Structures are given as structure tokens and as C-alpha cells.
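Dumping the structure here so I can ask a few things about it.
Chain naming follows the written order as A, B and C, and within any one chain the residues start at number 1.
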């Protein structure tokens, strides 16, 4: 059975922290709820926990890939058609290093961006339950719960001071 | 320093997104004027496609003129963006907030403009793709020992990195725009925002992105202008073959770039009425930064000049003599020193000047006039060959076509910025909100001291 | 938001709660610091060095190459101990709030200049006559000697003034409350300090200016020394980036010196609770960027010579890189670039206390070998002519050289320890100011620090 999603919209950060504690007390885990805001609050402001990420692996992999491509382009092309120019050795290390360096950095940058998108769990094709006031200073608390607990959860969000609680199955 | 009003998030949205959401009449006038000049530039390019390099003032031995000077100049301007936004991000300087995006966007447009100049200069620009290793049939590859191959690789990396940086840092603001628009614009921003919702994880990664990309782009930014400088320095042309060129070009780029950011910030403040966001304290901080940058630039400038003379080689000396004592280079030398250092730095030493936006605007333009001239002064005299066989001597007089290209490049960048600012906010809205959130005041005795919140 | 900090190490120092408790604690430590043992040991080393110095002096000045190790030692001290105060200047100018507990440790290194001034004296005799070689001084006989000496005197005087001005409030506190140390001398030094707003204002302005002058003098000394003792001695060496490389590598080594000093403070000085992760991690980030800059400046010089490949340029590369001093060069390259970057790029090493200390040690060793290849190589070749005709084999170190190297280390440590007895080695007033301006509080559920930033 599909879970229902509820969104409580709050005006004050204190109420959000309250809602988060109440949700915890009611047995919701860190993966069951999320806080949505238009401003980055310092980590842990609402007592929320951010799951660990592996972003730092991405630039490393990217750098290795970029370096390899750089090596392939510089060494491979010169070896496949050996032609001495400018009196330099065929595999002249200083100029090769420059292109390999750019390759490394390009790889690292591309993979960092991919890593951030991936670790942010983007792109999301549907916003789901959402309120446009969130980008205007309000803070949303998003809870996924089994349908039978929906009423209880809504009550809980309201008790913490929600101005409005939205649901993905209105009137259901 | 109580210069700012406290705004709530809705007011910040309104202030910063006003121009994106509503179009004032002057936008069309400005866009039309700029587009007309850009059309003139495009016409010049068409002339060059048809007639080749003939209509320019380039000759033997001065093969590199205004177009290459302009290329170096715009690559230089492009350094401001990343330098400012990365260094300030890494140092967590609070005053970066309104500056970063505008600076990064300036990077993207000036770099793209810069990159177009070697292409225009190539003569047969439709063959630019020969710099890539594409020819698997005949197995003819680019010569990696030539700096002319390093250039595209560096600029490609930098342009890609800077554009991605701008885009990724835009995500939260695209979310805001998505929530404030309807119709096709809503669809446009929805697609671009990738479904951004603003949960703590996304914001945390957004912050890490800033740190990581800043750290990665800074070394690229240094390499780009170094490689541009090696286009000159690894040759044996007198006055070009100097080891100092790489850091000297980089710091010169930073000098002109940060000044360009000052120019742009002043224009943004005036055009968009962003008095609440771009404040005298930001110009103050930029001015102080510029004192340090300009002094470092002067150090490298002097090193270059001193060692040109010190070597005692007649080839070097002849170029130096020409650059310092002969018309018009001698006058340029004086202008570079006066407008590039003496006048602005002595003015920036005064707090009242640094906080006077009109004066800062004028000074920043003076710096860039002198920096453009500096590039010309560095590049052309070495090529005129005024030493060996007299029949090899030649002067360089730019043609109207080249002047049109230079003027066009300025309007091209401005047009790019104008269109960007119509579509996206040039000040990061979410960063502005964060700054507001982290701002505090603490009471010490009778004084209220501004403070910031740190984790 | 902040860069992720490791949770197992406490990032911030634990200071006594109130300014009074802080004063009592720090002055108590100052009064009973047990540094007599190290003082005696370093004093003996200094005497040993003096013996080595006399032995070297007995050999006379006729042969320049035997002085290579001596010159490298002098420049090493200039590049490490004398550069360490720059971190105090730079962090003050950029208002880095983590600087407070470590700033005096850096400032105290200015006293090392006294020894280096003495070390410079015999080197003055080694500057060859101006005829027949390249020089900045045209025909002004004696100019290099006079200018180098005056520059050094200026640097040392500026440094001591900087230390004294910045320590004045603490000397006042020590005069009033300390129970140990040379109290008469402290009272005499702190004579008129009462802490009036006027005095504070003068003092703050004073340290800003003296700090900037110290930085400029140091860069100038690096220019003079690298030109007079390296570039002009090697014919054909026209390397404008070299003085900048010299200064940058010195800033790197200065940072390493201060990190190592802080490590010793923490391990043996009893200041464990004052120096936490922030005081090692932040300099470590800087150390990593300076290691990258080390490579960048070296590379900027190298690639131009490598591409130029004229006989003069290959001769220079032979003399100072690929010739008889290849081994010191390789050691320097690894210890100044490969190892620091390779180690500090890893989060667990950079974000620790032991990691940066270990890397600093490597950098300091590397810096010595790097100076050795420069000055050893430059002292080997004949300074006359257009290019290096012949590079003789390296001069191997003798007993006197070892004695001088150890003596120099002992000497600077001796001076530093002496200064520690007069000036409180952790700045009281900076920490007290920090206490006034910093408040811990909670933002909803997060614990944050509020940092006041008065203009």
C-alpha cells in the first residue's frame, strides 16, 4: 500500500524544531520526514539529521578519468603518428603535463557536478506535495506515513503549530 | 556599520527578482542599442570570413594585433569572477554574497567573448575544430607541443567549469523563480530547477559544491591565463620570452577583473536600484582587495621591466627602449603606470573614496583602460622587430575593422549580461537570505557591534 | 554553513571563562615556563655554530663555492624563521578569527632576524666586483653591499618594532601581574602602557603599518638576496619570476615554521588547551595552497627555459637544477611540492593536528635543500661572460658547514626562547578581545557561535 505524504507549512523555525521532535517521539525515522526551506539554516537547526553522502569520491574518480583521457590524447596521438616538431622529444613531458592537467581538472569538475546532482537526489520529475510559500520564508515539514496514520500525523503537525497541512490525496 | 535594512524573505525575493519578473521599458532600449553594435561586430566578422586577414592592419612581422590583445584582455576579465567568488567562498567572507554570481556570470560571458577572438583571427575559422584530435582517417593529430593547442584545452575546461558553477549555484534560485511564475516561464524554470525542494541535504550539498568547485576552479583559473601567457613566453620573441609572464598575466588579469566587477556592481546598483543589497561596504572591501592586487601587479610589472633591462641583451634592450621612450609606447607606459596604479591606489587608500560608488566606478574604468593598453604594450612592440634588418621593421596600425571588433566585444559582453539578468537574478537570492539569517548584533557596553553566526 | 569538521576532535580551543581567569592562567604559565633546559642546549649549539663560522672564516673569501652551504643556511633562516611573522600580518589583515591564540608565536620569530643580520655580514664580502658582469647597479661600486645590508637592518628593525608594538599590552599585564621572568626589563619595556583608548588606537594602527612594512621588506629582501647571490652570479640567468618564486617558497616555509612552533607549544609548552584543531587545520589549508604555488612559480620559470633552450638557458638549468645539485633539487621538489600536496590533500591528514606538523617538518627540510641547490649552484660557476661555460662538480659539505647549519638552528631557537622569557608567548589581549566579541548560543536546536566584527 502506497504511503501518503503530508506537508505541514510553518512560519517559525521553533515550531519546525518542535514538529521534528514530536515526529521522532511518534516513532518516525530520519528517512520518513524532511524539512523544506528557502534558506539554508545551520546544520541541525531543526534537530534534523542529514544522511551521510559520498560526494568526495566523485571528483577523485573524475580526476582519474580526466587524467587518463589527457594521457591518451597527448601520448597516444603522438605515438600513433610519430612526427618530431620543434626539436622536442616525441613524448615531451612538460607540454604533455599541461594538457593532462587540464584533463584532470575537467574530469574532476564534471564529476563533482554529477556527484552533487546525484547526492542531492536530483533531478526530481515531480515536486510532490509542495507549497510555494516555502521559497518566501515559510518552512515545510514533509512526512511520509502509512494511510492509516495520516490523520494522527496531521494532528501532530498541527499541534506543533502548522499553519496548513497539505496532503497528496486530498479528500481521500 | 548600520547601513542595511532588515528585509524578510518575501522582500528579498521582490527586490532581487523584480527585474526578472517584470520588464521595464529601458530594457528594450538598452537591448536594442547593444544588439545594433553587436550586429556591427558580426558584420566585421563576415567581412573577415569573405576577405580573410587582409582588411586588418596586421602585417609582416606584426602578426598579432588588436584581436589577440582583446583576447588576452577578455580572458583577463574572466578571471575576476572565479577569483572573487572562489577565494571569498573559501575564506567565508560575508561580503561575498551579493558579488559572487555577478562575478561568475561576467566570467562566462567574457570568456566566451575572448574565445571567439582567436577563431576570428584564424582566417579560416570554420576549421577551428582541427585543434581537436578528430582525424582518425589520416591520423593527423594536433601538435601537443604547441601552446596553441594548450589554449583551447584550458579555455574549454574553464568555460565548462565556470558555466556549470553558475548553473549549479542557481538551482535554489530557479526553485524560487519556478514558484513565482506561470505559463511557459514556469515550465522553463521547472525544467531548469531539476525539481529543487530545498531540504537540508540539498543545501548541504549546495554548500559543499561551492567549496569543492571553488577549490577545483581556482587552479584552473591560474592555469588558463598562464597558458595564455605561454603563447607568448615560450617563443623566443624579445620581451615575450620572460619567465615572469605566467604569474604576471594572472595577477594583471585579477587586477582588471576585480576592477570590472566594481564597474559592474555600480551599474547593477544604479540600474536595478539594489541599494539594499549592493552597499558601500562592498565597494570598501573590493577597494581594499584591489590595493593588495594592484600592488602585487606592480611588483610583477617592475620585475618584468627590470629584468628586461638587466639581461643586457641588445634584442631585449631595443624593445625596452622602444616601449619606454618611443612614441606611442612611451606614453602608454606612463598611462599604464599612472592609471593602472598610481592614481587608483592612492585614491583607494582613503576610506571615503572606497565608499564613494561614483568614484569607484570611474577608477575601475581607468584601471581597465590602462590594463587594455598594457596588453597592447606587452604584445605588439616585441613583434615590430626594430633591431635587426631594417627591411623587416614594421609598424602596426589597426584598421577600422579591428576597432569595430574591439568595441563589439564590449557590447557583446554587456548584452550577454543584460539578457542573463532578465532571465536569472544576478545576486544569489538564497545566499542573500542566508546572510540575513546569520547576521546578528551583540551588545558590548554602549556599543552594538555587528556580528555573524558561525557553526 | 561550514565546511564539515571532524566530530572526534574539538575544533576550538578551551579557554578560561573570564578575561581575569585568562590573564591569571596565561601569566601563571608565563611566569613558570621551564625553558632553561632548551635554552642551554640551543646556546651550546649556537657556540658550536660559532666555531664552525670561525673555521669557515679562516678559509677566507677567495673561493666562493665553499661558502655555498653557509649562504644556503643564511637564506634558509631568511625563508623560514624570518618569514613566519607574515602569518600574523596576513591573518590580522584578513581578520581570521582562528589566529588569536597563535599570533604571538608567529610574531616572536622576528627576533631570528638578529642572528641572520650577523650571518649576512661575511656574505657581503662575497659579492663579486661589478665590472664585466651583469648587475642592476650600473657602475655604483659597493652598492649591492650597502643596499643588502640596509635592507636587512630595515627588515630586522621593522620586525622587532612589530613584535614590541603588538606585545605592549601584554607587557603591561606582565609588568603588573607576572611573578617570573626578567621583571625589571619587562617593566622598563612596558613603561608607559596604561591601556587608554588613545594608546590602543595607536597600537592597532602601528601593528597594521609595521606588519605591512615587514611583509614588503621581506619581499624586497628576497628580491635583493636572490638577485645578488644567485641570478647575477650565473651568467645568462635572466629570470624575472625567480625573486617571486623565492618569496613564495619563503612564505610556504614560514607557514611551516609556525605550524611546527605551535606543535612544540602544544606538546612541550603547556598550551595544549589553547591550541586546538582550528590553529592547525586553517594554516594547513594555506600550506597546501602555498605548496601548489611553489610548484606554479617554479614551473613558470622552468617551462620558459625548457622551451627557450638557448645555450645560456641550458647552462642555467645545468647550474641550478640538473647539474651537480640535482639531488638537493629532487629532495627539495619532493619535500616542498609532492609530499605536502600529496599528504595534505587527504581530509584525515589535513584535518588533524599531527598531520600538518609532520608536513611542516618535511617542508622545512625541503626548503633547506631547495636553497642549497640555488646558492650552491650559483656559487659554483664563474659570474663573468654571456653564458655558463662550465659547471664544476658540487662542493661537498665540510665539518664547518655542518657546524654552521646546526649552529644557525640553535641560534634562532636560542633567540626565540630568550624572547619567550620577555614577551608572553600567547597573546593575552588578542584572546581577551576574542572573549568579548564571541558568544556561544543556540539557534533553535543548533549550537552556534556569534562572532562580533567591529570595524
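The rule is short, and it goes like this: a contact is a pair of C-beta atoms (placed from the backbone, for glycine too) under 8 Å apart; a residue touches a chain by one contact, two chains touch by 3 or more.
What you see is a predicted model, and the numbers here were worked out from it, not measured in a lab.
Q: Which chain has the mean of its C-alpha atoms lying nearest to the mean of all protein C-alpha atoms shown?
A: Chain nearest the overall C-alpha centroid, as shown: B.
Q: Which of the two pairs, A-C or A-B, is linked by more C-beta contacts?
A: Answer by contact count: A-B.
Q: So the centre of each chain is just the mean of its C-alpha atoms; given that, what is the distance between chain B and chain C in Å?
A: Centre-to-centre distance between chain B and chain C: 35 Å.
Q: Centroid of chain A to centroid of chain C, CA atoms only: how many Å?
A: Centre separation, chain A to chain C: 43 Å.
Q: Roughly how many whole angstrom separate the Cα centroids of chain A and chain B?
A: 30
Q: Mind pulling the chain A residues that touch 2 or more other chains?
A: Only 40-43, 46 qualify.
Q: Could you pull out the residues of chain B that touch at least 2 other chains?
A: As it turns out, chain B has residues touching two or more other chains at 203-204, 207-208, 219, 434, 453, 455.
Q: What parts of chain C, by residue number, touch at least two of the other chains?
A: Only 1-2, 303, 307, 443, 446, 448 qualify.
Q: Which residues of chain A touch chain B in their complex?
A: Spelled out, the residues of chain A in touch with chain B are 34-43, 46, 48, 50-51, 53, 55, 59, 73-74, 77-78, 80-81, 85-86, 88, 92, 95-96, 98-99, 101-103, 105-106, 108-110, 112-113, 116-117, 119-127, 130, 132, 134-137, 142.
Q: Give the list of chain C residues in touch with chain A in this complex.
A: 1-2, 302-303, 306-307, 309, 347, 443-448
Q: Mind listing the chain B positions that touch chain A in their complex?
A: 8-10, 13, 133, 139-147, 149-150, 153-154, 156-157, 160-161, 164, 168, 171-172, 175-176, 179-180, 194-209, 212-213, 216-217, 219-220, 223, 227, 430, 433-434, 436-438, 453, 455
Q: Please give the residue numbers of chain B that touch chain C in the complex, ascending.
A: 1, 91-92, 203-204, 207-208, 211, 219, 222, 226, 230, 233-236, 241-248, 299-300, 303-304, 306-308, 310-313, 316, 434, 440, 442, 444, 447, 449-455
Q: In their shared complex, at which residues does chain C touch chain B?
A: Those residues of chain C that touch chain B are 1-4, 94, 134-136, 219, 238-244, 292, 296-297, 300-301, 303-305, 307-308, 310, 436-437, 439, 443, 446, 448-455.
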